[in-house]
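Shown below is the structure under consideration.
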């Protein structure tokens, strides 16, 4: 009973600071929406594809065909650049207004038709995924256009060999018709690649990514759960500084009960926060957390357990409010950054992915993404839950050991 | 002189403070170092991302056909060993299940009629690429390679089809031998494509020549620096509240010193502290990560703008807070949120599908966003005239915050 | 206003919203004397001190400190005073020496003069050996000494001490009282606030008793005690209904004043020899047992009780 009394006392103190309490719920929602929009959430944009500048210095039919092929891409959409824009194209790519730009040189069409080597200039930052994706699409479109022209040339060659053209005009007419036919065939090629994605959000996904909120919802949940430790940690510090802890130790409550009481309050605070954020994700963002309610519950509980244990440790180690803030925020940044809450671990090297998975944040992300993105079942949550539980036990044990020396 | 005494006293206290040493210097460098480590797989010859290996399971249901074998052979080629680890499996269901279980990132399923479709002018087939939805780059690479091969075959088929159609329209019959000839000539042309009609890719001009690693770490370091400079400024200004609570500020007011001298000393101390912090962060990041921050004069201007802005915000926050109990909300809340908004572009700018322009605008609603903008421009080689508007905004906002904050503080301390 | 005194307070008022914390007080402090403001918590002592220290401006009235007005010449006033606040006001992350150095500069000391004076003050407060230690690690007594030492740096004409002995151990308290006397021997004027009657009695040349924002009595210790004349103070502990007994005893001849608090009865009587038997008889009649009797000669506690009907420490 005393444990519960202590826990409710802590909760009362936490809730009394309603601004801090509101922050813990409002901020993750705001950031989920903000970053989710950034990553294409809601999908309501006019054209969510990567913008790619198109500077046509050729002006011929084939360069126009290239433009049409690029426009049919699911990943990029071309923006025709006027001559005046051409000077700014490097700046636009540099500043991210364009994912890339393609410059069609003068004589491009003629060179293709003549079977002479000709290249397109592509301006892209190959250090960015947008640049890499854009380059790949441009390459594919250019190859198909070249293929269409080559098909027409081969046809013309064969005709020349078998029948012969009356004149150059007849040949040109043959080639033009053949190119048109080939391009039409490329619009729906007989041999194609079908990209499919497993998981719950597959129908909303583009070929190169998932719906924006599916990543940011779990990531903000993880990050702001740790941020919330500031308030809880301060209660412990103030209890020591005001000598209330020393007074508590003169009563019939044991150190273990005191530790568990504080811990319970933190667990309840974090769980409440997670419940609200899961509900927000489910109802407002249409992320299907509740397709596996038991799995999500287990993940939430174990997340609350290890984060609260961390908070208990921070509160016991810190000597002042300032220390609590430093540690909570520093841990929030480090654990979130290394655990893949900011940038998915997929973009990092193998070493970093391994290091990242030494941290409970990465497992929390894995657990939630298994449910909401990959569409997996309860069994997919078991390993993440197990790892987080181990962290909870370890951190709590460390906190208890520390508590023996305090007061 | 007393202004300087107060400033000196505050500086000593700041340098002895765990907060400044850890938060002001160690954490931003640590965070950037972590990201440097994270993206450390980037190749030194600057070809862009060098990812960890993607696990691929390939199911060749077209076992007897050359089409399937060619595709499998290309995927398993030694030259792709750094990117793909390809395992051949027998059935499609288990390959997809492996992706579902995250044992593989991609499954490539070649249909049994693939070669038949390749050799039949009317044939149709589709190669399935089944991916883990949380992965982007690996599946993109695999899909790109598969598409290139498939397009090669499709191009050959289209060439045959178009030639047959056109010749047929002219009354010329195209027999199988002729079709074969066309197909082979197309294939010969296609295999030589890579060298002759390739793209010439270059990075945007005017940016300083930097490695891909620096192009990623540079903006991150700029964002971290901005975030922690604003934290430091706030901490320095909030020490006034702490002094009020501990009684040293009222005591100071029993000595022959004016409020202006106290606030002036506070400002000088914060200014010097931030200059020191920025100098250390710029110096260490340039030396360790190789980040090029730009020419001295524009760097000095952006530094000045950011410092004035940060101190102004710090004084404003101090004037609005009632006591030090609220500092948790300030650091954990206001400053963290503003910092994250200010650097949003840094983390979303590189991802396909990002609404870059909108978030450029959103980030400018907070002072951090202007500071990040200034530093990113410097990294792109911006000169004085290019950073001047950003610096002007920061100075204006900073002075406005400072004025409001000082007026309120003076009334409070009166 | 007479200007030859160290402090001259005339008709000082201070209002906080609806609360009148100081209501028209006036008093003079002569140069070189120790003047105590004695009163319970909430009497207005700290508010008065804050006004004289130029931390608050009076709503009405004025005060001169060494001839300078706290309203019109606060900076000059602050040059003349050294303030020892009730709460310890030190920079805990600086050393003792660094604290003295900084505060000395705030008082206008510089260079060699500052250095010398810091050394002197460290000697006075007995912290020479700990001068490089961080204040945060000092004991409470050491912090108190340093807290006082800071006020002495610039050799002020007037030292204002706001309840400097609250919550400290007897030895440190003894040290502080001895320091105050030592300062006084050196000619410093001290304005001392306290709610401990013994301190006021021991230290002061003049005492002003404050209650509810007013000075209710002022003078030397002897003059104040004369207010209660030869009255004796009796403190009795009873077993039984104290309130019932109180009512009865207020009517007994020779009892000038009677109050009850915490199960104890406090009486001011003409002559304890005559009144005590009457009290015992009454107690017997009421069936109440007197378990303890304490007789005290007239003192400031009695004066306060006589003037306000309440104990000084209520």
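Which chain is which? They are A, B and C, in the order written, and residues in each are numbered from 1.
In the analysis below, a residue touches a chain if its C-beta (ideal position, glycine included) is under 8 Å from a C-beta of that chain, and two chains touch if they have at least 3 such contacts.
Given the structure is predicted, the values throughout are model-derived calculations rather than measurements.
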| item | value |
| --- | --- |
| Furthest chain, CA centroid comparison against subunit A | C |
| Between A-B and B-C, the pair with more C-beta contacts | A-B |
| Distance from the mean Cα position of subunit C to that of subunit A, given in whole angstrom | 67 |
| Rounded Å distance between subunit B and subunit C, as computed from the means of their C-alpha atoms | 65 |
| Whole-Å separation of chain centres (CA-atom averages), subunit A against subunit B | 12 |
| Per-residue overlap in subunit B, given as positions that touch at least 2 other chains | 17 |
| Of all residues in subunit B, those that touch subunit C in their complex | 1-2, 5-6, 9, 12-13, 16-17, 246-248, 250-258 |
| Residue ranges of subunit A in contact with subunit B within the complex | 17, 19-20, 23, 27, 30-31, 34-35, 37-40, 45, 48-50, 75, 90-91, 93-97, 99, 112, 117-133, 135-136, 138-140, 142-144, 146-148, 150-152, 154-155, 157-159, 162-163, 174, 177-178, 181-182, 185-186, 189-199, 201-202, 205-210, 212, 214-215, 227, 230-231, 234, 321-326, 328-330, 333-334, 337-338, 342-344, 346-353, 355, 369-370, 373-376, 380 |
| Parts of subunit C lying in touch with subunit B, wherever the complex brings them together | 53-55, 75-76, 78-79, 81, 83, 85, 87-94, 98, 102-103, 105-108, 110, 150 |
| Residues of subunit B touching subunit A in the complex | 17-19, 22-23, 27, 30-31, 34-35, 37-42, 47-53, 96, 99-102, 114, 117-118, 122-140, 143-144, 146-148, 150-151, 153-155, 157-159, 161-163, 165-167, 170, 172, 174, 178, 181-182, 185-186, 189-190, 193, 195-207, 212, 215-216, 324-329, 331-333, 336-337, 340-341, 344-345, 347-360, 362, 380 |
